[in-house]
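The structure under discussion appears below in the form of structure tokens.
We just call them A, B and C in the order they show up, numbering each chain from 1.
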């Protein structure tokens, strides 16, 4: 048995995976910025991060938790995407179709974070729609991989 | 140096990975169903999801949080599994043995969600056992990969 | 198009990935140990785990939540690392340089858990530095993969 794969498609996947993973890396920076702005930390020893050390230790600040949820939502969707997209590449999809899926997913995930976190763009339906686009792409690829390897 | 891998095993892994990743995709749907049933949401703007907009914004609802923990537990176990199983395929395991491990892991994870979430099947020991089966398979594969590449 | 990859580098990556994934597997054991020590559980049915069943059902115990955050931080950093390091191997890096990055990341992540959880080593700046080392390595690899596939 041999695999017959066009390697160009993996270069495209690597490109969008790098963008999506870099996007994940940005999230803890935004969380940290919120924590420092609002002086809200998770651990007693974190008071070392703020001169004077006047901080709150709590886990219920709405702004900090909003960014944390956006981060977690990225992990929930982007990490499965990279697995699914890699497996999808082995199902001999059309290259332009695959590129289109990867692009759309990337745009949808960036949109999700904007509609979740940006103060003037917090629209629940737009956030739901952008998350849903990513979800449908993941579900489609999972179904394709399942059928191809059935 | 060359790799000597039977590609059939990757087809088997792709099949079970697709099932497990599809299983992860189901979890946010179940969380959303709980949120809508109980009208408990995480963000103030989410009141747009319920006609009339009479919702609670809280993070302590036991049913919603139960499904969220089941989702997180999947991420904690299934994503490492796919990495470990992929690396495990390169250690020249027997195909039938590997298929057996992947099958058992998949069944254990589905069992975990049932014993965690289904109202009539919430048995702590069964949940612990099914999570433990997955954990032992992951640990065994991690050890095998470590020894093979030592 | 063909790929030209030295497979030795994947053996090195497999070795460090196995260590890092085994490290993730240790975290729920530490969380469970805290839960049993302090008799603090997340679900009402979990009282079956403690003889006598005198447990607290809460989500705010500082020690339990500390270990849970350390676990989540591992998932946030180690899972993207394995994706990024795999893609990085395809950018024809020097083998010794790549090995050095993987080693440093592994040490940094183990350090992070020690500085987060060990009662006598809870230093916020050391935890931040070890997390930061891992973050910079991930960011560097994401940038390299992005530029290589641009």
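Assume a residue touches a chain if its C-beta (ideal position, glycine included) is under 8 Å from a C-beta of that chain, and two chains touch if they have at least 3 such contacts.
Fair warning: this is a prediction, and the values are worked out from it, not measured in the lab.
Between chain A and chain C, two chains of identical sequence, the interface residue sets overlap only in part, with shared numbers making up under half of the total.
Rotation angle relating chain B to chain C: 120°, from a CA superposition, given to the nearest 5.
The distance from the centre of chain A to the centre of chain C, with each centre set as the mean of the Cα atoms, comes to 18 Å.
Touching two or more other chains at once are residues 75, 79 of chain C.
On the side of chain A, the complex with chain C involves touching residues 6-8, 10-12, 14-15, 17-19, 21-22, 24-25, 28, 42-49, 59, 71, 75, 79, 82. Those residues of chain A that touch chain B in the complex are listed here as 1-3, 60, 62, 65-66, 69, 75-76, 79-80, 83-84, 87, 90, 116, 122-125, 128, 135, 138-139, 142-143, 145-146, 148-150.
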